[in-house]
Each structure stands twice: as structure tokens, then as C-alpha cells.
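Read from first to last, the chains carry the letters A, B, C and D; within each, the first residue is number 1.
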Amino acid sequence: MTPPTATPPSSLGRPLSGWRLRVYTVIFEADTRAGRRFDLTLMVMVMVSVALVVLESVTGLRERYGAWFAALEYFFTAAFTLEYVLRLACVQRPLRYALSFYGIVDLLAVLPTYLAILEPSLYALVDVRALRLLRVFRILKLNAYMQETISLGRALRASGRKIMVFLSVVLTVVLIMGTVMYVVEGPSHGFTSIPVSVYWAISTLTTVGFGDITPKTDLGRAIASLMMLLGWGILAVPTGIVTSELSAQRFQFPAKITTRSCQACLSEGHQPDSDFCRHCGARLPPYLRD
Amino acid sequence: MTPPTATPPSSLGRPLSGWRLRVYTVIFEADTRAGRRFDLTLMVMVMVSVALVVLESVTGLRERYGAWFAALEYFFTAAFTLEYVLRLACVQRPLRYALSFYGIVDLLAVLPTYLAILEPSLYALVDVRALRLLRVFRILKLNAYMQETISLGRALRASGRKIMVFLSVVLTVVLIMGTVMYVVEGPSHGFTSIPVSVYWAISTLTTVGFGDITPKTDLGRAIASLMMLLGWGILAVPTGIVTSELSAQRFQFPAKITTRSCQACLSEGHQPDSDFCRHCGARLPPYLRD
Amino acid sequence: MTPPTATPPSSLGRPLSGWRLRVYTVIFEADTRAGRRFDLTLMVMVMVSVALVVLESVTGLRERYGAWFAALEYFFTAAFTLEYVLRLACVQRPLRYALSFYGIVDLLAVLPTYLAILEPSLYALVDVRALRLLRVFRILKLNAYMQETISLGRALRASGRKIMVFLSVVLTVVLIMGTVMYVVEGPSHGFTSIPVSVYWAISTLTTVGFGDITPKTDLGRAIASLMMLLGWGILAVPTGIVTSELSAQRFQFPAKITTRSCQACLSEGHQPDSDFCRHCGARLPPYLRD
Amino acid sequence: MTPPTATPPSSLGRPLSGWRLRVYTVIFEADTRAGRRFDLTLMVMVMVSVALVVLESVTGLRERYGAWFAALEYFFTAAFTLEYVLRLACVQRPLRYALSFYGIVDLLAVLPTYLAILEPSLYALVDVRALRLLRVFRILKLNAYMQETISLGRALRASGRKIMVFLSVVLTVVLIMGTVMYVVEGPSHGFTSIPVSVYWAISTLTTVGFGDITPKTDLGRAIASLMMLLGWGILAVPTGIVTSELSAQRFQFPAKITTRSCQACLSEGHQPDSDFCRHCGARLPPYLRD
């Protein structure tokens, strides 16, 4: 057997060898042709199996093709289970893989079918398999996203605390507003408990407005109006302010740089209304444009 | 016959001549008076015919004026068909026109009337003719938009991949959430199949909230609350962060207007990094601040 | 009688004099104490009369206090009519005032009461009087807004064409989508005519989602899902892109300027990772911060 | 007894001493271990008591555990009342604390339970106690927010007037639109009074769209369409303009990253106005572009 040439991750103990290395290269990596074909086949199988579960839920189709759906699902589950076992077998630390994000996703891809043997109504959860489609980024070599995703990831973490604060305030508001509506409207008007009233408050603040529960009293409608203006205003007010800030800046101090150049020091980017170069003091030629 | 003076598109084979060139100039171009009148007449005809179809759909009006509507529509369809045939006739590569965006739009403008002869319920699709109104930009000489539209087009293409990723994530979320709600609520509560549940999930995430299907169980309402907060939060969180970022920058280090003054001409509002006054050329004192 | 000291608008013909000038100063201007008191009284009267009309619409209150409401409304209408006549009388060009924005608003403030004598159901339109409250900005000396409002006005006009284009595209989309749904769903499912279907399309695209009309067929629900994603996406996609652009710029090329200074040329605002001054080339001292 | 070492707020009269100082340090401050433990215990008690009230509102749970809920609530109310009394006792100016924001919040935390003795339906308002969770920021030492919150606070105050103007315009619009719909649709279609119609107008403008009240007439639906486009457009138009502005600036004159390279160290990404390489100090060649 040829000695392994690929460098396995250094965090694993014994170096991979032989068939384990070959399987690892095909399943986990996508730089070889076999690896890419494997990933592509995997994506197609995931999408087909998810589509089957979706179609199976439509009563008319289930009555006509139910047996086919079942048979195909057994096939897919068997294939994915085999793949999962192979993954566990060809890494050095199986537990490390099993507890990683992708490891859990891969487990959730096969688990519902087995659970459905015990509890048939859970069969549809096979759709959770769709999470496996997150792997598609690797196949399409969307490495360009790595840079932006890392930047975005860092930006999100930096903003993570602000998001937490914002969400905490929102949850406190819907809890208190939901409680107030529960007291004001009461179970006879649909607000049967505080959790239900909070559900209504969320549907109102987020401007979803299902309408399955609606206030009937004048005070209730007034409070609802406040919540609607708040939820929409949280979107509208900053949007309007940001726009007017940008507009104001543009018209007070146009920061849109032009290509106007100073003939003395060759500096560019002077404003349309400048008369002198701000770097060297020389007089600028008139600004011509059409 | 006068020799052709207009330069036809170089991608076409034989140069246009004679009546074909004249018709081409009138129909496809809008720099001559005849061309502009043609376009204007075309727009008016399109709008009138679309309005007729809209009115014809109102039962009361159809019963009273049905014959008129039919007659006028035959007239319009005949006119537009004649125009389409002329277009095909006066270009060098008819197939190239027929497969272009405007070519397909022009075909869809006449096709529904003919299809309606076979399948009368499709009559209303004559409204698709309204797409022809996209030509209006040319009539109004909205060339100013060319520059911005090209910039916007480039920006969109650059962002096109991000949009695809974003949409893919959204579709995966509504698929999985819809499936979960189908399992949790079940057909007895309105979630009759996974496609219907996905339709509900989309209406919730996009904060539309029709209310034709609503969760009845506590767990279902809790999941619905999460989706509502997610769909609204995707709008509210970035808006709030962008605003606070802009505010923070303005108050930490105003990169725009300062109160820096020129001692010679007493003008205010110079940039932090300017060395010379851009109005009078005098050297600016150093920018001091705390 | 004291000679007029205020300078009337130059666009008027004969200079104002005497009682006309005094009335003009009080009614139209707000720099004298009488002028300000007049405006304040006017605002209060407008708000009270609007509140009365609002209360009068509540059946319970109308039955109990109907006579009082009517009497007070006659009083207010008489007062506002007298004020309107005075305004016409004390300006030099009455027609110019009558056709101005405020002139029309003032006329609409009294007209509904008279129209209601002919057509009683129009009585509630007295509320249009509330437009007079736009004058409140002058009372509160909100001149600070003049600058921003003018900037915002210029920004809006500059953007006016873009807004028109955007709205035209939106209207075309809802027209075509509404028509398609009319064909797909049909009057039996609530889509009784094209105007009604367009009303539904607008309620879906703008994520309002009343739910009075909802698609029942699978194809209809699929089209509705597309429209919902489009309407919400128009808000979510730019918001997300703007945020990720700002984040990306911040982390690739941090534009958040620091107070780091060059010891040689004393220039400030160097980036945290700079080693040399970008203005004079001298080596920068290490960046210390906590 | 050890002399007081902490410096009490200078605005209070007699300096704190003895047990009062110790209690003050534990209750009001969080720099000692006892102080932090106290705050943590307080948070937990607040959250548990709020959760109890939420659960108690669910009919099934109330029937089974009603006695337990009542007993625990008496315990919590007693504990919080004792804490409130201690707070009043250990500050120098009790009235100043009682009228402060936190003082009022702390009072509202115990008041509903006592009010519920008189009026049992108010019991659920105990949830208002959740406002006490605003103290959590201090426990988690979220001082980092102080800087941003102060900036944000200043930004909000600066924008406060714009927000007031914006809200005033929105309220005027919904009042007038609500009135118009009341006249057009009338009580027979659900618009039973002007306040109810204003409630509907708010639900439409803010794109919530409950659907409990919907227009039935053609004119009413047309007006509703206008309002929906307005409410959604206020969000969509600025978002789109902001995005296209940013895109336009980036593609006309990228003010951020360029491909400008240093010939000495080959580093890329220098700013357009840099003269020296910020990494190695070498002079940069002039920035040429078209």
C-alpha cells in the first residue's frame, strides 16, 4: 500500500494510513476529482431525498406513490448511515467529529428515519437533512466568501453584545405589553393566558399581524396602536434618519470626491467648490464638467 | 430612393436600405420626430389596452360593455401583431431580435389574445403587455439613469453572490421551519402538507402574516414567535447597528465638518487633514482638539 | 394711525396700511406677541375641534352629547370662516393666497361643515382640518429645521426621479402579478376582478397581509410566496448588504481613525497597523492603547 | 464600628455611617462580593417570580398549582417589600430615590400584588416587575456599553426633534386617512367610529395588517392600497436610495481600498492620498488611474 502523502490534521493522534486515508480524502476533502464527485453526488442525494419527503406529505401523492416513497427513503437512509459510519471510521478522533457542527448535522440527517419507526409522525423531520446542503459552499469553491464571511463573523461578534441587549429589550417589552393586554382584554377576547398574549404581542411588534387574536376594547386597540407604531418605527425612524444624515452631509459638505487635480502638487480629489489646493496652497484651475 | 444615412448596428449582416431602414428608424429608434411619435403612440396604446383588460375583469362592466371590450382588443392585437411582424421584417437578424429581452416581451404582448381563443380564461394575461411600458424610459430621454443604472448594475452583480447565499439560507430556514411546524401542528390545524407549511413559514418570516393558517398549539406558537422575531430582526438589527455605528463615528471623530477656521479669510468647516485653506490659499493653523 | 413699519412681501402690489397691516401681522406673522398668541389659540382651536369630530363618531358619545357637538362645531366653523375671510381681506392678492398650499388647507378646514349640510355623511371630513396643524412648526420656532428641511427637500428632488422609477416598477409588478393570480385563482377563491387582485398583490408585496383574500391553489400559493419574498427581500437584501459592506470595510481597512500622531510632521489619524507616517515617511512610535 | 471608607454621593446630606453604609454598599453598589451576590440573587428572584406569574395565567396550571403560586408570590412580595424599605432606609434622601427611575421601577415591582388584593384581575401586572431586570447590565459589568450608550444617547437627543416631527406627520396622516375611510366605508363595513378607523389606518400603514377590519368598497381598497404603498415605501425607498448611493460612490471613486502598491515592499491597498508607504516608509509612486 502506498505511503500516505496528504497531511492529516495535526490535532489528530496517529497519522492516517492506507484505505482510511483514501476514504478520508474522498469524503472529507474536495480537492481531488473523486472528492468533488463524492460531494456532488452527496448534494444531489440530499436534495432528492428532501424533495421526496416534501412530496410524501401531500395527501394525494402519498396515496398514489406511498410505497415508492418509503422504499426510496429506506435506500437513502441506508446510504447516509453507511456514509456516517465511514466518516466515524476514517477519522482519528471519532468523538471529535461526532460533536462538531457538521457531525451533529450529519447525525440529524439519518436520525429522524429511525425515530419515525418508533413515532411515525416524526417522519417528516427527515427534512432536517436539508442542513447538509450547507456543504454546498465547498463544492462550488466559494472560497471568495471565506474572506467576507470571516469579516462578517468578526463584525457579528463585535456587534453580538449590542444584538443581545437589543433582543433583551424587545423581549422585555413584549412580555410587559403582553401582560398588560392580558389584563385589559382578558380571556373572553382571545387573550387566554400570558404566553398567548406574549405571542400576540410579538406578532404585533414584528408587524406580522396574523389576526387570529385581535383586541376588541378601545384601550386594547390603543395599546395595540402604540405597539404597531413602535415595531414599525424601529425600522422607519433609523432608516429615515440615516437617509437625512447622508443627504444633509452631501449638501452641506459634499464628500463626493471628484477627480479635480492640483497642477502644482498633482494632488487629486478636491471638492467642486475649492479654489486652492488643500495640500500645497496653489490655486486650482476652474472645475469643468458636463 | 435616398441612400441610407443612419449606421445600422455592425453586428448585422447586410446593411439596411430603403423602406426597411426607414421603418427601422421609426420603430426601433427615437431620435427622429417620427420615431418619438411612434414610441409615444405605442405607449398610449399599450396603456389603454391594459386598462381595457383591467376593466373587462370587473363583472358589472363586462356585462354592459363586453362587446366593446372584445372589439377594441381585437383592434389592439391586430395592431401589435402588425408591429411585431414589421419589427421582424426590418431587422437583419430576425431571430436575434425575437430572442432578445424586448423581443420576447413584444411577443408576450400579443400571444395571450391568441391563446385565449383556445383557453378563454387566459384572456386576462393580456395584461402582461404592460411589460412593454419598460420602453418608456427611452421616450422620456432618461439617459441620466444610464450612468446610475450601470453603476447599480455592477453593484448588483458584485453583490449577486451574496444575494444568492442570503436567499439560499432563507429558503433552507423556511423549509426546515415549515417542516417542523407540519410535524408539531399537523393537518388538523391547517398545516395540511409540507408545501403548505412552507408557504406559512414564508408568510411568517416575511412578516406578511395572512392569517389563513395559524398555529394553535403552544409549541407551535413558540416556534412561530421565534420565526417572527427572526424575520423582523433581520430588518431591525442591521438598521439599528448601522445607525449606532454612524452615530458613534460622528461623535468620536467627526470625519466631516469641523469648526476649523482659516485665520486669513475666516471661513469655517475645513477638513481635519487640510494644510491650506481651500478658499484663499493661506496656510491653516494646526488642527487642535481634545 | 401709525405708519406701517413692517415690510410686506414685495410680490404684492399696493403696500399694506392701517388695520389691514395690523391684522396681517397678527394672522400671518408670528414675531409679535399678538401674532404668537393668535397662532397658539388657533392651534388649540383646531385640535379641540378635531377631537370633537373624533368623539362625535363614537356612537355612544354621539347619542349623549350630540347636541353639544353640533353647537360647538357651528361655533368653530363660524370662527374659522371669519378667520379665512379676514385672511383674504388683509392680503393684497387674495387669489394668490387662496391658491397657495396653506390657502387650500385653510379652505378645506371649513368646507366639509358646509358640505355636510348637503350630504350629512361627509361631516367627519371636518378632520381634514388637522392639516392646519402643520402651522405648528412656526409657533415652536422650529427654524432649525429650515436648514435640514431645505437639504432634505433638495435631496428628495434629486432622488425624485429614482423614486418615480422605483414606484413605476413596483406598480407594474403588482399589476402583472395581480393579473396572474386572477387567472390562476379566479373569482371563486376571492379574486373577483383584476383591480381586486391588484389590491391583494399590493397587500402581499408590502407585507401587510390582511388575509381577507388568500390564495387557495398550490400554484397561487407558490406565486404568493415569491411575492412575499420579493417584498420583504427588497427591504432585507439592501439592509444586509449595506451592513456587510460597512463591516467588511471596517475590518479590511479600518477607517475608524485613531489619534495616533507622527512625531516628525505631527499629522494625526494614522491607522493602528501603520508603521510609517503616510504624509512624511517618518517611522511612527508604537501604538499603545488599553 | 469601623469608620466608613466608601464615599457616599456628594448630593446627600449627612454622610452614611455604620450599618446603613454597609447595607447601602450591598444593595446599591456592586463592587464588593456581597454586593454582586445580592444583585445576582435579586435578578434570579425577579425572573422566577415573573415566570410564576406567567405560568399562573395558564388555566390548566392555575387549577393544579394555584395555592403554590399564591404562596410563592406572597413570599416574593414580602421579600421585595422588605428590600424596598431597606433601600429607603439606607439612603440619605429617601424621596430622591423614590422619585428616581429605578425607585419608581422598584415600587411598581411590589405594588400590583397589593392592588390585586383590592382588584384581583390586576394580579398579572406583577409582570411589570420584569423592568427590574434592567439592572442586569450592572451585574455583567457591561461598562463597555457606557461609552456607546452615551454616544447613542447624544445621537438620539440630537435626532429627538426629527423623530418628533416624523411621528407628528405619521399621526396626522393616520388621523386623516382613518377619517376618510370612515366616511368611505362606514360602520356597516366595520369602520364603526373614527378611533376604530384610525386603529385600522395604523395597522395598515405599519404593514401589520391584522385583517379584523378590511375595506370592502373599491374606493376604500384603492385608498388602502395607497396607504400600504406609503407605509412600506417609507422603509423601501430610503433603503434603496442609500444602497444605490453607496454603490455609486464606490464605483465612481473608491474611497477605500485601491490596488496601489509599494514598489519597495510590494504591499497593496494604500489610500489614494498617501505619499509614503505605511509599512516600510518608502515613497509611493503617484496614484494613476482612469
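Here are some notes:
Quick note on the criterion: a contact is a pair of C-beta atoms (placed from the backbone, for glycine too) under 8 Å apart; a residue touches a chain by one contact, two chains touch by 3 or more.
Predicted, not measured: the structure shown is a model, and the values here were computed from it.
Common neighbours of chain C and chain D, by the contact definition above: A, B.
Measuring from the averaged C-alpha position of chain A to that of chain B gives a distance of 26 Å.
A straight line joining the Cα centres of chain A and chain C is 35 Å long. In chain C, the residues touching two or more other chains are 148, 162, 195, 198, 207-211, 231, 235, 239, 241-244, 252. Contacts between chains leave no pair untouched here, as each chain touches all the others. Chain A makes touch with chain B in their complex at residues 50, 53-54, 57-59, 121-122, 124-125, 127-128, 130-131, 133-134, 136-137, 142, 144-145, 148, 159, 162-163, 166-167, 170, 195-196, 198-199, 202-203, 205-212, 231, 234-235, 238-239, 241-242, 245, 249, 252-253, 255, 270-271, 274-283.
The residues of chain A lying in touch with chain C in their complex are 148, 151-152, 154-156, 207-211, 235, 243-244, 247-248, 250-252. The touching residues of chain D, when paired with chain C in their complex, are 161-162, 165, 168, 172, 175-176, 179-180, 182-183, 186-187, 192-195, 198, 204, 207-211, 214, 218, 221-222, 224-225, 228-229, 231-233, 235-237, 239-244, 246, 256-257, 269-271, 274-283.
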